[in-house]
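Look for chain A in each of the two complexes below; its partner is chain B in the first and chain C in the second.
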Partner chain A sequence: MRPTLALTVSLALSSFAVCAPLVPAAYAAGASDTDQERAARWQEIAKSIFGDRKIEPTDTLVTLDTPKRAEDAALVPITLSMPERDKIKSVSLVIDDNPAPYAAKFEFGPAADTRELKLRVRVNNYTDMHAVVETTDGKLYEAKQFVKASGGCSAPMGMSDEEAMKGMGDMRMKFADAHPDKPVAATLMIRHPNFSGMQMNQVTREYTPARYIDKLTVSAGDQTVFTMTGDISIASNPVINFSFKPDGKPIQVAASDNQGGRWTHSFPVPSQTN
Partner chain B sequence: MTAFAVRPKRSGSPGGLSRRHALLGGLCLCCAATAGLSARAYAEAFTMEEVGPGIFIRKGLIADASPENVDAIANIGFIVGRDGVLVTESGGSLADGQWLRGQIAKHTDKPVTHVVLSHVHPDHVFGAGAFAAEKPVFIGHAKLREALDARGEFYRQRLIDLFGAERTGPVVYPTMSVADTAEVNLGDRTLSFTAHGPAHTTSDLSMRDSRSGLLFPADLLFVERIPSLDGSLKGWLKELERVKASGATQAVPGHGPVRVDLAPAVADLTTYLTALRDGTKAAIAQDIPIDKAVETVGQDQSGKWQLFEHYNRRNVTVAYQELEWD
Partner chain C sequence: MILLRGTAVIAAALCLAAAEPADSPTNVPEPPGLYAGPQRGYTPPTLRGAKVIDGAAVAALLDGPDKPVLIDVAMRERKPANFPEGRLWLPVHPSIPGAVWLPNAGAVPLPPEREALFFQRVADLTGGDRAKPVVVFCHVECWGSWNAAKRLVEKGYTAVHWFPQGVEGWQDGHETRNLTEDAAWKAAAPAER
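Right, the complex of A and B next:
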């Protein structure tokens, strides 16, 4: 089953039914793989995403903080730190052993501050996780972490699909205290089940079709902060912590999902305090 | 309980949970004494305690499911009535349920007429398969069926991973569903059931025995072992008020000692859940993200509960998700 994973790397999956049969295999594999096997898998995935481009390791351009052992495989908090803002064009998060490994890509705009980006993901197996940044000069650099968790993609929601979809598209934004000439830290919360396609519907006993946020754009006024391309590995009710350079205009958020859902919200930025 | 199966964490070693065993060694002599035994010897190390007239309970291990303990981690047992036997909790695996069936046979020839499925968690329902052939009434919360639909197979796979299909057994569904309250008459005693709103899980059923007055709150009441949150934190605190108002003075908790005074046990649990709620709320209000909140919230409760390090962070994770949209 393993090679199949590489075939489903694409972020643009239209349906995830194909992955249901993978579940039992995914349970069994992963925890005992050798470093060599993991490295080989990463080579395969990296090639399918980045082609033959060289990816160099980095300790500075991006660091990846993960819990060593996740408390809840369906909600694994991840922190990406990219302190050298001017050098960063985009960052991709890859969860090697997830059924769709390419979890998210963030492309940063002029209003972005990249020093800290947090999101919550699902982890289906003991896995390497990779953050790959593309620098403004077109080079790729990677950071890696090993995470112990399993079952996050197929874990039942603990509620009916209808309940899970309640309020879908609702958003909230929280802003940390703003200071003049400093980036503002913000938390974006979106109500959305982000169905993985691997969770069983409680009533029909069929797999709930994948329904996930596939595009999310956050702008400060006319300036883009980031555009995220997402997949089933993002946890339900996505929460993203990011920073931006305020210019006094409201933050605009536009989200869409793979089933045609589309939502936009505008959030006034609190005035700066001295 | 249990978090392992809801959103499973696996131990790296095939034997499982060595760190937890190490932890237990320092905390719980009964567990340390049995930790290295075969499954069979493990089961034989258990005994039933008569906690009330005709009421026999086995104390579950304060541990997580492992190949050695076949998930015998919940307080399970039976009540002998004039007309038959009611199983209060079936056990954490087919093997655990079979052990319980053997214990019942040692005490009485009466048939098992009722088996309570107190909520969806595997340590409470996977013993049910051991009783299926006798065709008892399987009593469960009205929401249990859909909860088992959603998670039953998932749990079963987890247990199979640990100790194989033969010892895991099937997912057994309730045949009597309790939406609000219900009564079962065993001839000389009546068991009264209450279906609770989302609390520990979304399918919590409690029971009261008329003869002894004992309350069986199942996992609405944890003692010794840190509670695991898998339903609603606010709901659990609310349902604990109902538990307190039940009029019972003593109870058989889902985990911990087989018989406790209800009021102080509920008070201890309320203290933890309140600390969890208030700490999580404060973290959210201060924009402390979830990955930082799990490090700090509830830490002042750590000395009071076994397996704290294993479950508190997870409880914070669950509570955070519930409370962050308030």
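Right, the complex of A and C next:
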């Protein structure tokens, strides 16, 4: 059984997730050919997403934190850090070896604070992961990490589709302590199976059609924090940690999925303390 | 009373476990023939008539004098029927370098013409030598490779190796190569995609 809106539940025992392989790294070989293949694949993906635009490496504009080896390939926690808020327009997350590599794009609005953004994704193969930021002057910069996990896109949820869809669109929001004139950290939890379309129902042996959140907009009052374009690589029951600049007005969340589901919720921001 | 109820629950759980070998991480019995359950699930530790090997043994075979034929029967990634047009779809299949990829050749049932082609491809790859070492694999916890290896044992191959950890058990310490589907296997594939 997969927990739904719990934040920090270990899923190491979830029934069918194909997780850490059982073999120790006893024969580390020089991985040059494999590395070349990975680099070539990234070139192909980058070209199809960003065209001929040049992407430069960066150590500062964006960093990508991932587990080296994921406990659950269907639920891999990712942290994107972009400390220079004023320079960042958007960030794209690419999981190179997933069949649908373009996992998510976040476009930031005036109420955003970009220093830390977290989400949980599915990882299908040992893969490079790329975060690409677009800066306000229109340039692209990339950070890269290698993640060991496999089988995440097709891992069944361990419950019936009906059960997985129960309460679909329900949301919760948690706010960290607010301080005057400081950005507020928040955690948005959405109940939604985010079916990848690659998961086979173990009983009927039929594939559950893809049903995933494709658009998510978070606003503080009438100011946008971010708009996310999502894909089947986002884990079920999405949890997104972000920060925003509070102005006393409620946080508005609007989510839609690829099958026409639409949900909106409003969350009052706790008053600021000193 | 509580004790009794507890015993009943345990007994019920044991019955369930016996009925659903794929749900148990330990003591999965070998089915007498091909396994017709879902491909994804816990597999037995053994395969009668075949040798069960790990990644180190695969590497040793590859370094040895009598190079094995590597047969990868992992299923291809299925593009969701309702996946949006224009959104990037670019499946990739990393595997053991040199392996021949016959997707889903461990399916049960397999249409007779597909099964015949499977045997034909293995015969081609082994040069008709049924004593030639063959390594069959897919992913960890995947019955496809168990079934495909079982088919070869029953066909009379005498050096069948089953590598149950599959690609996951290989890629940790070894080079991988992105494979494309075996051309003959793909050309004759029914419109199942």
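Note that in this section the second predicted complex is superposed on the first by the 239 of 274 C-alpha atoms of A that agree within 3 Å, B and C clash if a C-alpha of one lies under 4 Å from a C-alpha of the other, contacts with A are read in each partner's own complex, and residues count from 1 in each chain.
What we mean here is this: contacts are C-beta pairs under 8 Å (C-beta built on N, C-alpha and C of every residue); 3 or more make two chains touch, one makes a residue touch a chain.
Small disclaimer: the values here were computed from a predicted structure and weren't measured.
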A:Gly197 touches, of chain B and chain C: first, second, both or neither? second
Touched partner set for A:Thr264, first chain B, second chain C, both or neither: neither
Contacts of A:Lys118 with chain B and chain C, given as first, second, both or neither: first
Contacts of A:Thr34 with chain B and chain C, given as first, second, both or neither: second
Partner chain(s) touched by A:Asp231 [first = chain B, second = chain C, both, neither]: second
Partner chain in contact with A:Tyr102 - chain B first, chain C second, else both or neither: second
Chain B versus chain C as contact partner of A:Thr136, first or second or both or neither: neither
Touching partner for A:Ser150 - first (chain B), second (chain C), both, neither: both
First, second, both or neither for A:Thr60, with chain B first and chain C second: neither
Contacts on chain A seen with chain B and repeated with chain C across the two complexes: 24, 27, 31, 126, 148, 150-151, 154, 156, 200, 202, 205
Complex contacts: residues of chain A adjacent to chain C: 15-16, 18, 21-29, 31, 33-34, 37, 41, 44-45, 48-49, 97, 99-102, 124-126, 148, 150-151, 153-154, 156, 196-198, 200, 202, 205, 207, 209-210, 214, 231-232, 258-259
In the complex with chain A, residue positions of chain C that touch it: 23, 38, 40-41, 54-56, 59, 77-84, 87-92, 94, 97, 139-141, 165, 167-178
Complex contacts: residues of chain B adjacent to chain A: 6-10, 12, 146-147, 149-151, 153-154, 157-158, 161, 202, 230-231, 287, 289-291, 294, 313-314, 316-318, 321, 324-325
Partner chain B, residues of chain A touching it in the complex: 24, 27, 31, 65, 67, 69-75, 77, 79, 118, 120, 126, 148-152, 154-160, 172, 174, 176, 185, 187, 189, 191, 200, 202-203, 205, 237, 239, 241
